[in-house]
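Several structures are given next for inspection.
Look for chain A in each of the two complexes below; its partner is chain B in the first and chain C in the second.
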Partner chain A sequence: MPAELSAIAEDQSILSPHYVYEPDIIDSTIAIHTATLSVFPFRIAWDHNTGMMQNAGAENFLIATNSFKNNKQFIKLYQSFSEQLAMNADVFFGENNYTLQEKMKISSDAILKIFPDKVSLEVTDEGSIFYKIIKGDTSIFFEHFLIAEDDDPDEAIITVYQNDENILNLGGSLTEVINETNKFFLPHNIRTADFV
Partner chain B sequence: MNLPKKIDPDNLKETVVEIKYLSELPFEILVGIFFNAFDKSFNYTNRPLQQNPMGQGVPGSLGQEIIIKVGVPSLFFNEKISILVSPNTFVFNCLAKYIGWEDYRIEIEEALKKLMSTGHIKQCTRIGLRYISEYSDRDLKDCIKYDFTFGLPDIQSETSAFRSEFMYKEIKVILNLNNKVPVVKQQLSTKQTETIKTSIIDIDIIAEKQETKTLKELLSVIENNHTIEKEIFFGMLKEDYLQSLQPQY
Partner chain C sequence: MDYPIEILPNATFKYIDCDLATHFLLRIINTRDINEFWDFETNMLKIAHVCSPREHIQDLSMSLLGIYRPQDIFIQLTESGKIKFNHYCEPDANVQVPVFEEEFILNEDRHHWWVPIDKLSNRKFPYERDSHPFVATCMVEHSPMRWNFWHFSLKWKTDLGNLEDLPEKQKKNVARRIAHSARALIAKFAIIESPENLILPRNCYCKN
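Presenting the complex of A and B:
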């Protein structure tokens, strides 16, 4: 029985989006139906997978399908990571698989919060996860270093290109990088978990 | 109405079956019991624990209520379907492409059989079925018997959305139609971006206020929801468009 199954106060997660979008903020960074977004702000309240979808609009289906797709993407990333972890056992010698998987969930979940069109990951022989993400005209490369010295926090690097123009380079602790990435991509900052 | 069993392409992007259940056990205990009941037929994972951002002082947070949810949603999946298990909800979905109702129904039945066999599902109170079809570069006016016009018929909308809630055979239906919504996509091979006008038919069938206690009753409601979904979907399609989908009866 996994240990993390405890009751929590959850954020407005991908599983039940409840966002307020601020077009002026995301218009330049998230290239998704921007023409519509730039005209009027809209509110998505999406509490259930069936029914109770409020404030329907042309954008709702994107939010809805992305929400479902997001879990599928998460499962694919999880499967891919688990398989590669087994193949690279020597790289992670002495590391606890459960801990590595929980770390992977944190970076994957953070990445999926920007609703990528496509995302893949590769476990490197440096003990990191290298994510390739495509969202509209934006390409994102995110590396999460899983093996930290002593009790130091995990580190990460992100590079973002929009139409071949480098618009973001950032390195630091995983928490810092995720928080900065959220500020960059999301209309509001979603804090990361304390696990890292 | 003679309903097709298969069309090609089906254009289905999401095929969700949601069941709200009641149980007397705490959720974290239930997940362990479900995990055992599934044995090795399903893999398990979950999304990580998140803190509530509260939305205070953040642009766009005006009027946004704080949502407190309990229990980390758990994901069970096999090669064909996934099940999102929340404190009072099971959400089934196909993992990749739609596997067809015959296979999907069997997968759902097998999973529910194991979940119900635990004896800890007291009853199911709401059963939803939601199918979302996506059409790239297609005007829905060419496909369905609805022309997206309003009080000013001379106006041709560049993009449109229509939503209707109604009762059909004592079941609640929420219909969402989105026509020609521009979506920016990047071609992986060339890295060139293009805007594709995308349309959606989103049909949500909801059996509310249920007191379903047995597997047989539950499957019957799910089957009925699916039949209603098909009646709504195929009832909307223009005959010539339906024929272009090579329907099999």
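Presenting the complex of A and C:
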């Protein structure tokens, strides 16, 4: 990553009142909503995000279509991740914090797409994020290994229970596991109201 | 402080041979602060308190609730106590009673979680769509120790044979998946509310 980008990243706090974020990183929900949105030149104001789509005009802000609950969950996860990252600095010795945070955004974004009722994460001493997700009668355990070896892609493992029954176990690259997770959950979970 | 001799191996004891499906296993946590080990957001056990580091999952120590009671979690072997008592043994081994302060102390900065045996025993986790497919199975084994006859081990086996014999990369993948499955399984089913304390009939663990 270029040094100037790294400096900008360190400067910005996602929780600051006027933090803005590029849509191509956070707007996977938008990408489902409409393809044209993903090429919008606008930036998204998280702090203004109420779940309603508006164009703030002069400010050149576009309000994301993620639900407000989703954003609150993301902020909570991000905050928790950042705190735990600092506490586990020895596990991630030599790793770039900005890169780790960007990786976290990819897995958390995928998880929030399934609109969990409850979600939490733990940073493990093996350098992974272990998400626990509850959606109705389904419990999902999603682990994203942040430290890849030999330029391999990041790995992930998912285990799903419906009530007490184990219905899915899958390990592979993060992309493969996210794709399978989407196939598994999204057909049942996309509700028109969330995207209109 | 007297050691609870009812939890020690005994010449009249045998390996437990009854169905334990309705019973619970207990695992000790080295903190009494519930906020440290319980995730109130999802109402599940925190992963770090299932086992950490990951390698411990290969043989996770637990105790069968019954004769072994929640207050027995405070017994902590000293270093010399560990040398003498922290070993697997036969159920009818002849062991001395540990001496307070020399071989054990009371550590009240502890808590515990429970898990129903029927949610663990022989549970299969098929990773059939992986590049190296396999099935991991959770095993609950009675494994008496010289300080605790009611000691159980949670172990894992796979249909690939011995984990140590696998090629390095596959071994790492399989170990990761087992650790993940184990943590997910326990987080899913662990509870902190006291379950009904079922006492095993004597014929399940006593000879004749």
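We adopt the following convention: the second predicted complex is superposed on the first by the 121 of 196 C-alpha atoms of A that agree within 3 Å, B and C clash if a C-alpha of one lies under 4 Å from a C-alpha of the other, contacts with A are read in each partner's own complex, and residues count from 1 in each chain.
The definition used in the following text is that a contact is a pair of C-beta atoms (placed from the backbone, for glycine too) under 8 Å apart; a residue touches a chain by one contact, two chains touch by 3 or more.
From a predicted model like this one, the values you see are computed outputs, not experimental measurements.
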- request: Kindly classify A:118 by the partners it touches after superposition: chain B alone (first), chain C alone (second), both, or neither?
  value: both
Message: Let me test your reading of the model: by the given contact rule, A:127 touches which partner, first (chain B), second (chain C), both or neither?
response: neither
Task: Name the contact category of A:171: first (chain B only), second (chain C only), both, or neither.
output: second
Task: Figure out whether A:74 sits in contact with chain B (first) or chain C (second), or with both, or with neither.
output: first
- prompt: Which partner, once the models are overlaid, touches more of chain A's residues, chain C or chain B?
  reply: B
Field: Partner chain in contact with A:139 - chain B first, chain C second, else both or neither
entry: both
Message: On chain A, which stretch or stretches are contacted by chain B in one complex as well as by chain C in the other?
response: 118, 134, 139, 164
Task: Going by the contact rule at the top, pick out the chain A residues touching chain B in the complex.
output: 1-2, 4-16, 18-22, 25, 31-36, 41, 48-51, 53, 56-62, 64-65, 68-69, 71-72, 74-75, 78-79, 101-102, 105-106, 109, 117-118, 134, 136-139, 163-164, 187-191, 193-195
- prompt: In the complex of these two chains, what residues of chain C are touching chain A?
  reply: 39, 41-44, 46-48, 52-54, 119, 123, 125-127, 129-131, 173, 176-177, 179-181, 183-185, 187-189
Statement: Contacts from chain A onto chain C in the complex sit at residues 118-120, 122, 124-126, 130, 132-134, 139, 141, 143, 145, 155, 157, 159, 161, 164, 166, 169-172, 180
Statement: Note: in the complex, chain B contacts chain A through residues 13-14, 16, 18, 26-28, 31-32, 35, 43-53, 55, 58-64, 67-75, 77, 82, 84, 86, 89, 91, 93, 95-96, 126, 128-130, 132, 134, 159-161, 163, 172, 174, 176, 178, 181-186, 188, 191, 193, 200, 202, 204-206
